[in-house]
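Order as written gives the chain letters A, B, C, D and E; numbering starts at 1 within each chain.
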Amino acid sequence: GGQVRGAGGTPQPQTSGSGSPAGGQANDSTFVYAPNHDVVTDWDPATSYSNEIIALSNIYEGLTRYDSETHEAAPRLATEWTSAKDGKEWTFKLRQGVKFHSGATFDATAAKKAIERTIDKKGGAAYIWDPVDKIEAVDASTLKFTLKYAAPLDLVAASGYAAWMYDVDAVDADGKKTAGTGPYTIDTWQKGKETELTLKAFEDYWGGWKPAQYKKVAFRVTPEITTAWQLLQKGEVNFVERLNPQLFEQAQTTESVRTAESPSFQNLLVLFNTAAGPTEDVKVRQALQLAIDYDGLAAALEGAGQKASGLVPQGLVGHVSGMEPKQDLAKAQALLAEAGYGPDLKELKLSLTYGIGDEDQKLLVTLLSSTLSKLNVTLQAKPMNWSAQWDLGKKGGQDVFVMYWYPDYPDAYSWFLNVFKSADKPQFNLSYLKNAEIDAAIDKLPELTATDRMAAVEEYETLQQKIIQEQAAVAVPYVQKYQRALSSDVQGYKDNAAYPNVVFFYDLTRAS
Amino acid sequence: MTTETQTQETQPLRRTLPRVPDRFAAFGAVLIVVVVLAAVLAPWLAPYPVDDPRPLERLLPPSGAHWFGTDQVGRDVLTRILYGGRTSLFIAVAVLAVSAVAGVTLGVVAGYAGGWIRDVIMRVTDVFLAFPALLLSLALAVVLQPGVNTVILAIAVTWWPWYTRLAASMAASIATRPYVDAARCLGVPAPLIILRHVLPNSLTPVLVQLSLDAGGVILTSAALSYLGLGAQEPTAEWGLMVQQGQTLFTTNWWVVTFPGLAILVTAFAFNVLGEGLRNALDPRRAVK
Amino acid sequence: MLRYLARRLGQALLVVAGVVVLTFAVMRLVPGDPAVAFAGPKATPEQLAEARARFGLDDPLPAQLFTYVRDLMTGDWGVSLRTRQPVRDDLYLAFPASLELVGTALLIAVVLGIPLGVLAARYKTKFPDFGVRFGSMLAVSVPVFWLALALQTIFASNLGWFPIAGEYDSALDTTSPLTLWTNITVVDALITGNWPIFTSTLEHLVLPALVVAAYPTGVIAQMTRAALIEESGQDHARLERALGFGETSILTRFALRPALGPVLSLIALVFAYAIVNGFLVEAVFNWPGLGRYAAESIRSLDTPAIAGVTLLVALVYVLANLVVDILQGFVDPRARTR
Amino acid sequence: MTGHLIEARDLRVSYGGRVVADVPRLDVGAGECVAIVGESGSGKSTTLLSLLGLTQNAEISGQVRVCGVDVLTAAPRALRELRGARAALVMQSPHAALSPATRLGVLMRRALKLHGVKDVADTMARAMDAVLLDRELLRRYPHEVSGGQAQRFAIALAIALGAEVILADEPTSALDVTVQAEVVGVLRRLRAERGLALLLVSHDLALVSTIADRVLVMKDGAVVESGPAAEVLAEPSHPYTRELLEALP
Amino acid sequence: MTMPRAELRADRVTLGYGRRPVVHDVSIDITEGGVGLIGESGSGKTTLARAFLGLLSPISGNIWYGDQTLKKADMRKFRKDVQPVFQAEALDPRMRVGASIAEALPRAARSRVPDLLERVGLDPALAVRRPHELSGGQRQRVVIARALAVGPRLLILDEPTSALDVTVQARVLDLLVSLETERLLITHNLAVVERLCRTSHVLFAGRVVESGPTSDLLANPAHPYTRALRDAVPKLGGEPPEAKGRTEAVPAATGCAFRLRCPLAGPECEVAPEPRDVQGRQVACHRAEDVLT
């Protein structure tokens, strides 16, 4: 028998349930987002850990949301919070009158159940709740966390993954129902179709609805940048998450299109093997750091990347300004010579692995290998699929490992804990750095962040100097920059680096 | 089967080539010579060093200094096309050599031996034929790390069955020829019969097919590069160049158009020559 | 005929078995752990172990092959590491769209290619012949992805004659929802009389189908021409001439049918080729088909999905060959007794 | 005008400059049978084909009139009307001469319609009867009938179209002698009944001697001897003809 | 005869391609004085020849070589003893004819090529030519020369002259007669059989329908098919051969295969006739006595 594609067989009701719009012009158009790959793979808000963040962020809400301007957590389902006992106890006051899409009421018990379920599922980014020892629903509107060790729980609760509040009884992995409190719910979902997902307004959203807001959203999967750009020009889509620099430039001068640029929390790490091989010699590592053409790279990226300053991107606590690296070939050659390599000395052979199909990484490799060949250094660069690259990395199979890093919740701690804290079996510590002093400093970071901001900032700065300058374990060429393009009639768009590629559709209105 | 085609099969290539060569085919041959020369002489013809990125001179449109413009890291597109020809032609020649040698050997044995040997070889061939070429190449490229050698191996693995099929059918028909029977009656051992009689007489259509396929191999390797699984930076290769330039199609057309044209012209030249040869030798032999 | 059919079927099954084993081998050869692909880039060791157990990756290889074959037999094509859906469901969605695209392309190829071949054969060595040969050589030589970009930019973006991308205007999903029977949009729209979606799909089909059709059209035109010229040089054409038939009617009424034999078997080959070629085109035109699915799967090393696509394409190839062999019996009576 | 149905003067056919057939004079009148004999490759088939303008890529000079039509200068349309309807060709290898994917009946019906014959069904049936072929054969494809049947079908075609002239090229070379006897019998009957002019090509001297009125002997493209069959074969004047006759086993 | 006989005989062989038998249950001894095989085209003559040469294994029955079946026989010796002469096509078009002949010789004996060419009446200078540069008659002689190179005692000749002109044919036949070898000759030219073979077998639809001394057989056939063959041969200056009216294209599937074309066919012919001895000949016909005059 035939099943119906589209509006579930029932034509849309002529008048929507919320009654007539209160003044102003109703916005009956659909906001179309053009992502470059499939949107949803995992509908479970507990375990979702992938591209679906661009949809789920509009369906689910957390207790807090990171504010990209103040660099702090801002109220969302929690209206206010306090921490006590050196950051080991946190109490959140919850917003009243919030309803789940399922009709159930959001309260402290529901929140507790949601977080506990997320922790139990152990999927995705559930580890962010690791510090939590106990959750208590003190009363309907008060939620209290007791921690095992100090942690900035307000930032954890702002995470884009594993921090959603949902009705645990209504979770549906098949993508037919949603269990969040957010402004949108699923309208249709057809995996594999061009318009994979459409969302519709949740009429009982606690924030209420204004006429100019978009009540419908569609995700139209468009893998080719050129195609996306042409669709945007024709007005068939409203938002393209990323264009290349040339198209972006063209977009800036195109009338029907607006552009937005903002730095992300994702930076490129060039990790040098500190444990074995020629890069065990710190001089070689420093020489490599100096050989990278940072300015050329940034120029070639034409705004898709921005020269990094230190390990922590701008916008996060812990960012240090004035740490921008510079190419210095003379010094690099001198350092190499000290290590016994160079144009008139021994040839240096280095192996490097990077992500296959990544244009920006490829650019880095292209530039670096041609520079190094002048220094009598041969770079054997292997593009690899992530799982293969990582497998090799875990075995210490290369001299240089190129990868991106980004935090799961907006906190610089992730770079230090995961990438530079020593480990017997390296997971992401792919520079294989083993330094007790650094380890000790890293361990102190959460508590400092939760209790003494100023001290934390200082500690972050010292650590970065140690890792980048003294140890030369890593070079950080650039932070990725988002270059968005959107229809010029869309108003209210603001990028939030803590939620990569997410558009909060509720905040948008259409100019008439 | 008409007697006409039978005699054509058995005549030496020299005799079956038309006296007035097909003008179309001749045109293809000339084009191929030009392309090959350009590739071979690349180091002397190329105006710039092949691997010399200058980020500050990136994406310059075609001009007197850079006839075909520069690419996104500031390398001269003309230079890279000239050098890219070396890679692409090398890939084509290597793939065809490997797959023709493997395929024809197996095919001739299958066709001559018949019986279960033929059955086994042909079923294996069928499996590889049914296996989508591009997909198998892709899988192999993933297994073996992308790069020129992988491209060669990957395409060859999916290419040989065609020659096996062709050679097997030729050999099977040759094996029933009286002169093969005569050789068997004289007591000539089978390997020698294959080498002396079956192989030389099966080769003509294979030659034609080789020429037709050269274009196909270049296109496939370009498609592999296009999917990011072919040649890798900083190797100059046409498919890779198109792939890297494709997002610039609307803004910086020269980065993608010239390498695309290079592929088109080369594939065209080989196809034209192959089609000309085929028309001259056997108009009916199936194309792929 | 029946025995012949049975034999062909047996052979086809053998080939399919071979493809299954080969697919399995390739899947296992791929370095890097499928579990990593499943569990994500920042997976913890426990998550990895769980994934490994789930996919039976710790079993010995023969056991894995056995499980794989048994699952295939029961219709379980595995679960995609990327979409986390059963691969069979994914394919069930993606394949019809590819079929729609490739089917249309082949239709175009046949409808254009055969008459062009006839034209060339009729005016052999004259201008039309030259034109057709030149054009068809170009068509088989042009890199598809390049052609796709060029046509899209020129005809959709600059001239605005055709839509840029997509299968049909998705706004129609709400105004005139489509009832699915075959999952092939045009077909379903046609049989349910859904004209808005039908016309919209046709509009969207034009450009990608033309791109995919380029290669088969060229090959079919060449092949038709060669076969016709061969046929019209045969003794029987001389008899037809001796009976007073004109050249055109000899070509179309007598030579074409026997000439179609080789052309037909070509179509089977081209069909599989076009599906794979479609992979490159689908990305450019946002066509929600197998190609996009395959490309994404390859990028994320989604081995069950890659294996599924491979198997499906191989099956289609085997099936197409089978159908062509049978069809050939109808077109060329000589083939029946062979 | 001599009133002959076939009339050729100084016919010279060459391929790429090489003369393969040079026939100074060839006449065939109504009811007559003329045979061309000679060694393989001597230009017999070429001569026959050139009489209907059916050679490919050949240069032809001289004059050829068949049923009053000047074959070498006639417009394509006039040629098409001549061929089949008035002058029919029976080709060397019967199977190869029939389009493999066309049923015999379809071919015959198309040919009859082309030449505006009325009562198609009736005519077809009568023609098949005339060559003693089962009408059922019309439903078959060429590969489903035997060589003798195909040969007789070709003759049936000529009869159905009412041809005045039949040019038959080695109609029996591949056949077993029993089948050959059948084919020859049909042709003889037609000559007697309808005044059919028959031009026969063969290298079987014995066969020729039994049915031809006149004979042309060809060697290396040239006619070396010609005259009444009985005379030429009984008292050959040219050494080659003698050689041919002596070699008969 | 002083020369030892190359004993080769077929014992109730059934031959075919794939599963389909085309020759049924045929027994033929190759005896002194030449053995002829005649019959309609497609009746299986070539197939039998290939079986005699060991190029095709029988589906059932055996080919005996001396007192051993071919399967068990010493093939090296067999190959020396028995050689085929096919049509001129039996030369590899790419090889010089000298090389084709030399292929048959051991390395040391390559110098014998000119001798062999002379023996078949060819100029040794022709050795450097390729087949297409020779006339049909010359090519046929090269084929014979090559067969003779290994010193065979028996030649299997499949239509050695049918592609040739009568004049050339005569010369090749003279050559064959002059050779001191046994022969199995396949042809559809009755006059040639008469000249070269003491015994003959007539094949129809894969079965031997009549065999016996050639002269007897042609002078006074005992099978209606043999008689039809003889009668249909046109005679120089004679009357045109008589047409019989209806002939059927396909042999009958059951009973006597010739029954549909046989003027004498009666109800008994619905049963396939077994070969029997009639006046010193083997005949497979129920009405052989009526055929003999």
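One rule holds for everything that comes next: contacts are C-beta pairs under 8 Å (C-beta built on N, C-alpha and C of every residue); 3 or more make two chains touch, one makes a residue touch a chain.
Here the structure is a predicted model, which means the values were calculated and not measured.
Chemist: When you check each chain against subunit A and subunit D, which touch both of them?
Modeler: Common neighbours, subunit A/subunit D: C.
Chemist: Looking at C-alpha means, what's the farthest chain from subunit D?
Modeler: A
Chemist: Work out per-chain C-alpha centres and flag the one nearest the whole-protein C-alpha centre.
Modeler: Located nearest the centre of all protein C-alpha atoms is chain C.
Chemist: Measure off the straight-line distance from the CA centroid of subunit A to the CA centroid of subunit C, and report it in whole Å.
Modeler: So the centroids are 38 Å from each other.
Chemist: What's the distance between the Cα centroids of subunit C and subunit E, rounded to whole Å?
Modeler: Here the centre of subunit E sits 54 Å away from the centre of subunit C.
Chemist: So what's the Cα centroid distance for subunit B and subunit D, whole Å?
Modeler: Each chain's C-alpha centroid was found; their separation is 50 Å.
Chemist: Could you put a whole-Å number on the gap between the CA centroids of subunit A and subunit E?
Modeler: From the centre of subunit A to the centre of subunit E is 88 Å.
Chemist: Would you give the residues of subunit B that are in contact with at least 2 other chains, written as numbers and ranges?
Modeler: Within subunit B, the residues that touch at least two other chains are 2, 142, 228-229, 246, 249-250.
Chemist: Using the touch rule from the top of the page, what residues of subunit C touch 2 or more other chains?
Modeler: In subunit C, the residues touching two or more other chains are 31, 149, 153, 157, 234-235, 295, 299, 301.
Chemist: Name the touching chain pairs, would you?
Modeler: Pairs satisfying the touch definition: A-B, A-C, B-C, B-E, C-D, D-E.
Chemist: Please give the residue numbers of subunit C that touch subunit D in the complex, ascending.
Modeler: Residues in contact with subunit D: 233-246, 253-255, 257-258, 331-334, 337.
Chemist: Hey, which residues of subunit B end up touching subunit C in the complex?
Modeler: 2, 24, 123-124, 126-136, 138-140, 142-143, 215, 219, 222-223, 226-229, 239, 242, 246, 249-250, 256, 260, 263-264, 267-268, 271-272, 275, 278-279, 283-284, 286-288
Chemist: Help me check something: in the complex, which residues belonging to subunit E touch subunit D?
Modeler: Going by the criterion above, the answer is residues 40-41, 136, 163, 165-167, 169-170, 173, 188-189, 191-192, 194-195, 225, 228-229, 231-247, 249-250, 261.
Chemist: Applying the document's contact rule, which stretches of subunit A touch subunit B when the two form their complex?
Modeler: By the definition above, subunit A touches subunit B via 224-226, 229-230, 244, 246-247, 249-250, 293, 296-297, 299-300, 356-357, 359, 362-363, 365-367, 369-370, 373, 381-385.
Chemist: In their complex, what parts of subunit C are in touch with subunit B?
Modeler: 11, 14-16, 18-19, 22-23, 26, 29-31, 130, 133-134, 137-138, 140-146, 149-150, 153, 157, 219, 222-223, 226-227, 229-230, 234-235, 262, 265-266, 269, 272-273, 275-277, 279-280, 294-295, 298-299, 301, 306, 309-310, 313-314, 317-318
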